[in-house]
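First chain written, first letter: the chains are A, B and C, and each begins at residue 1.
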Amino acid sequence: MTLNDVGQEMYNLCHSLFPICRSITGDGVRQTLKNIKEHIPEIIIHEVPTGTRVFDWVVPREWNIRDAYILDPDGQKIIDFTESNLHVVGYSVPVNKTVSLKELQNHLYSIPDQPDAIPYITSYYAERWGFCLSEIQRRLLKPGDYHVVIDSTLTDGSLTYGELLIPGESSKEVFLSTYICHPSMANNELSGPVVTTYLSKWLLSLMNRKYSYRIVFIPETIGSITYLSRNLDHIKQKTIAGFNVTCIGDNKAYSYLPSREGSTLADRVALHVLKYLHPDFVQYSYLERGSDERQYCSPGVDLPVASVMRTKYGRYPEYHTSLDDLSLVSPEGLAGGYEVLRTCLECIERNEILETTLLCEPQLGRRGLYPTLSTKDGGKQVRNMMNLIAFCDGMNDLIQIAEKINVPIWDLFDIVERLKQEGVLKTVSPDF
Amino acid sequence: MTLNDVGQEMYNLCHSLFPICRSITGDGVRQTLKNIKEHIPEIIIHEVPTGTRVFDWVVPREWNIRDAYILDPDGQKIIDFTESNLHVVGYSVPVNKTVSLKELQNHLYSIPDQPDAIPYITSYYAERWGFCLSEIQRRLLKPGDYHVVIDSTLTDGSLTYGELLIPGESSKEVFLSTYICHPSMANNELSGPVVTTYLSKWLLSLMNRKYSYRIVFIPETIGSITYLSRNLDHIKQKTIAGFNVTCIGDNKAYSYLPSREGSTLADRVALHVLKYLHPDFVQYSYLERGSDERQYCSPGVDLPVASVMRTKYGRYPEYHTSLDDLSLVSPEGLAGGYEVLRTCLECIERNEILETTLLCEPQLGRRGLYPTLSTKDGGKQVRNMMNLIAFCDGMNDLIQIAEKINVPIWDLFDIVERLKQEGVLKTVSPDF
Amino acid sequence: MTLNDVGQEMYNLCHSLFPICRSITGDGVRQTLKNIKEHIPEIIIHEVPTGTRVFDWVVPREWNIRDAYILDPDGQKIIDFTESNLHVVGYSVPVNKTVSLKELQNHLYSIPDQPDAIPYITSYYAERWGFCLSEIQRRLLKPGDYHVVIDSTLTDGSLTYGELLIPGESSKEVFLSTYICHPSMANNELSGPVVTTYLSKWLLSLMNRKYSYRIVFIPETIGSITYLSRNLDHIKQKTIAGFNVTCIGDNKAYSYLPSREGSTLADRVALHVLKYLHPDFVQYSYLERGSDERQYCSPGVDLPVASVMRTKYGRYPEYHTSLDDLSLVSPEGLAGGYEVLRTCLECIERNEILETTLLCEPQLGRRGLYPTLSTKDGGKQVRNMMNLIAFCDGMNDLIQIAEKINVPIWDLFDIVERLKQEGVLKTVSPDF
């Protein structure tokens, strides 16, 4: 399957997941995971009951919604949940009553600067009800009494997440995390789980994997906290690198946000890959974080998790509005993000610490690895090989060597294989 | 008392101390300390006898002077110690004789480039006598015989210094050192002891002090050597940070000169405070040192002592001349220097190593610390709190965290208190 | 002997060595070493038999050549080895036959872009024969049959190198390596052994040497590998710094190429000396290496060997052609290179770790080291002394201190001696 095909398939999956009304709990999450499971049947769905303590937090009640609307003084349905699930403030409590325009205004959210955008608003931890609408719609509201209906339930239930373990030769794990808790938004929601789904499919298709891969599809914040509270010891012990997969489907920038520590394997590989594939990538500070790295990199958790993104959350005007729709992402955008992350995973797979088996430079000529006739220009093409050998001192891993000798690590993969076959290089440590 | 009031009081104290003829020993030092003791009665006056060995040095004989003048060939008093105590070379031996102009010239000091300035000259360790005068005065001297009188004594006595210990909860100490050995000069003499006196008064006024404060008023060089020779073990063991207080009263630059090591607590707090209060401050190298940090930071002593100054000694034309008078310092200049140093001390008091008590981000909402409604702009104001928590890993102190998250440390003081009350943060080590 | 005289003598030695046809083995190497031995009789000549295993390599058969020429279809000798020994591809097997121009072309080497240059070509590890000629000569070849003669032998014999040990007080060694394997070329061959010969003469002339000096004259690559294979343990244990001496005789740039590690004593001293003697020197990366540092700095060997050069190999158009002749080097060029390396060796000899014998600043006045009269400008000239003392903390060596206080180390030599005599400084460790 070509990269173009993968891009198109990912876009199609975005399309099918777009209408589902997700939140941090509820049937929207379950439906989303069910659709994803059709692509990666190995995924396991976990349910964590309402009220479960997860570190400083408590799993909240489960929220579900069937319908919501506003009738204007003339009885016209002017706001309709079935047209856009962004119209309802997430976790709105049920309501069914008539209110004056003045009172209604206290429950309405719009963005004066983006008059045609419906904002995305939630109120998970304080009981509220509210409607979101465009500033244009709001300005048209006339005085009078409005009938508001939100047919939602907020009841004991559970928090749902998906987990996939793809075993490899080593029990050391690479960790991928993405979130499934936003309603109909494309870049800042669907691009993450969709690209992660296709990375999972690619990993499952590999004949050999050096590392194991642990991949979670969770609601943001409460989901990662819940996941960590149940798996902290294991994940701290096993994880060598991880990525938070979000905002990875538009066709504009490439971005990187470091782990808190800043120089983990995940950071090093992401910087190396982006430097060569997309040298104009945007580098953010950890101070500009805003997704689940907040939990993964928190003191005491300290996972090596970085973010590789297209345009970062909060950095594009459509973010957290109805304008972050399927026109914002594209097959090409998704494919580009997928390719960078897949390359990062490939580099982690191939990364290792090597050392030479012999002292001084090897005699490459008798191994057919060196031009036998020394000329003025000769040897330019063997420079990479000689540089690689010169730095295989058992101290630096292949990413560090590639950085030192100013080549992309993938230019060294074949050379490494050949020099291992020749017995010139040997692996010091196969994993980390 | 407002900062303006403190500035005015400090200026008044400069005024009263200005006429006293100080040197590295003698009654001028004692009179100065007596005046200071009126403000901080807790100060203890030490006398160290002439001949005492202090490391590589010996406490010199005590110098006192009652009068000095030159009569010109016509019997006119043309140089008069009572008009300016700078007229006599410090530590001049007594003289009372008639000399030719030619011989007199060998004992005169003036500055051709600053024709109206009387230079400040001393000869502590070689017996000399001499007069300092302005170049203008010198050019008026006519041929003939001059009668020179210096009514001084150079006899066994003692070196005098003052020491103040302000106890705190911890026996760890913050060290302040200033010098009282220059005759009538304002910025490069009185600003130091005067600002230090008012810092002492402020420290004494505090209800609680985490640290103890050891404050010395000493003659420069021989005084700090003497002090260290008598207190080295204690001061090396107890001092967590210190400042040499000098040239802190003019109204021009703010300056910083590092400790030799360069990254001690004193250096870090000075750089942090100056960066936010006076971002255009001048940063000197330790190679440009010239005061008692030469002793405090010498090999084997290695105290964490930095200098925070207004315009540095040697960097203003009036330095070490009669032009460094009370017009060069001002209430505002003194208040500005006082404020920076007081802020440094406050920051040291509030600095500590913190860690979070729980894993992952805390649920701030239920503690009333977080807006419960997530909006597009929401959270900007809690960013500081979240950043603080994100870096409270028990590894960095509060100054380091403030530097990492790009805020002045004082913006974190209230947040730290609140988060400690909430049990989210706890102190790892209360002092250093 | 003045530096000018040394330059002239070195140039004369280049002149006498220039005609000898050197290769990696053979009588040319022996003749070269014999000439050098006339200057430094202490040198020992080693012969290592063909077939000896040296790490991954094998000492090759010995190559000698008596004559070589090409007769054109008219019987005219158009290529003549006796005119330039570059005319024959190094290690050419013997040949004596008539070939067509077409076949001959397969055995000819010229440089179209440098039409008047004879290239320097070798084929050590694959049996070939060939002639090198200028592009101009080549274009004049007319159709017909050519008679080619190479009267060479490729037989079991030995690899020859010279080794000189100049003992010092310490058994710790400084290592110099230069190569003697190129035929008639001046900068990229003779400048190295000639400057090394005169550095050896200078070292032998010294009354005292703190360190021992081990100096090798070897064929490049196979020679350094051979040398290391026979002496690795000793040289790894004893060598504190070393230099590869090559391309050190032209009158253009000064260059530095680091050791692989990059901050060894050799690197530090080379950078310090070049910074002060030739601040516009060119700094290369280890990735641009190309001489015996490839072996000396290889993983597991890890010697502290850097290169100080004039114009680096491969960076001047005459490199590896007949244009790298005696007009490219000069007495001044050789003298300049010699001076830099000699200064490096002097600095290593004088480098040491010092500490003060007393706490706080010493009383320099009573030792006659300080002006007794303090004036506004006074002390500028003692600043170096005070800075030196301020950093003699037993942690930094003299090179590091010189770097910290921004003076060339040689400005400190007299001060160090004086302060040692005065008992103010003492040596912590005399060697490394």
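Some notes on this structure:
By our rule, a residue touches a chain if its C-beta (ideal position, glycine included) is under 8 Å from a C-beta of that chain, and two chains touch if they have at least 3 such contacts.
Since this is a predicted model, take the numbers as computed values, not measurements.
Rotating chain B by 120 degrees superposes its CA atoms on those of chain C, with the angle stated to the nearest 5. Different-residue interface: chain A and chain C share under half of the residue numbers found at their contact. If each chain is reduced to the centroid of its CA atoms, chain A and chain C end up 55 Å from each other.
Listed for chain B are no residues, as none touches two or more other chains.
Across the interface of their complex, chain B is touched by residues 55-58, 109, 111, 119-126, 128, 221, 224-225, 228-229, 232, 260, 286-287, 289, 294-295, 297-302, 319-321 of chain A. Considering their complex, residues 355-356, 358-363, 365-366, 372-376, 386-387, 389-394, 405-406 of chain C touch chain B.
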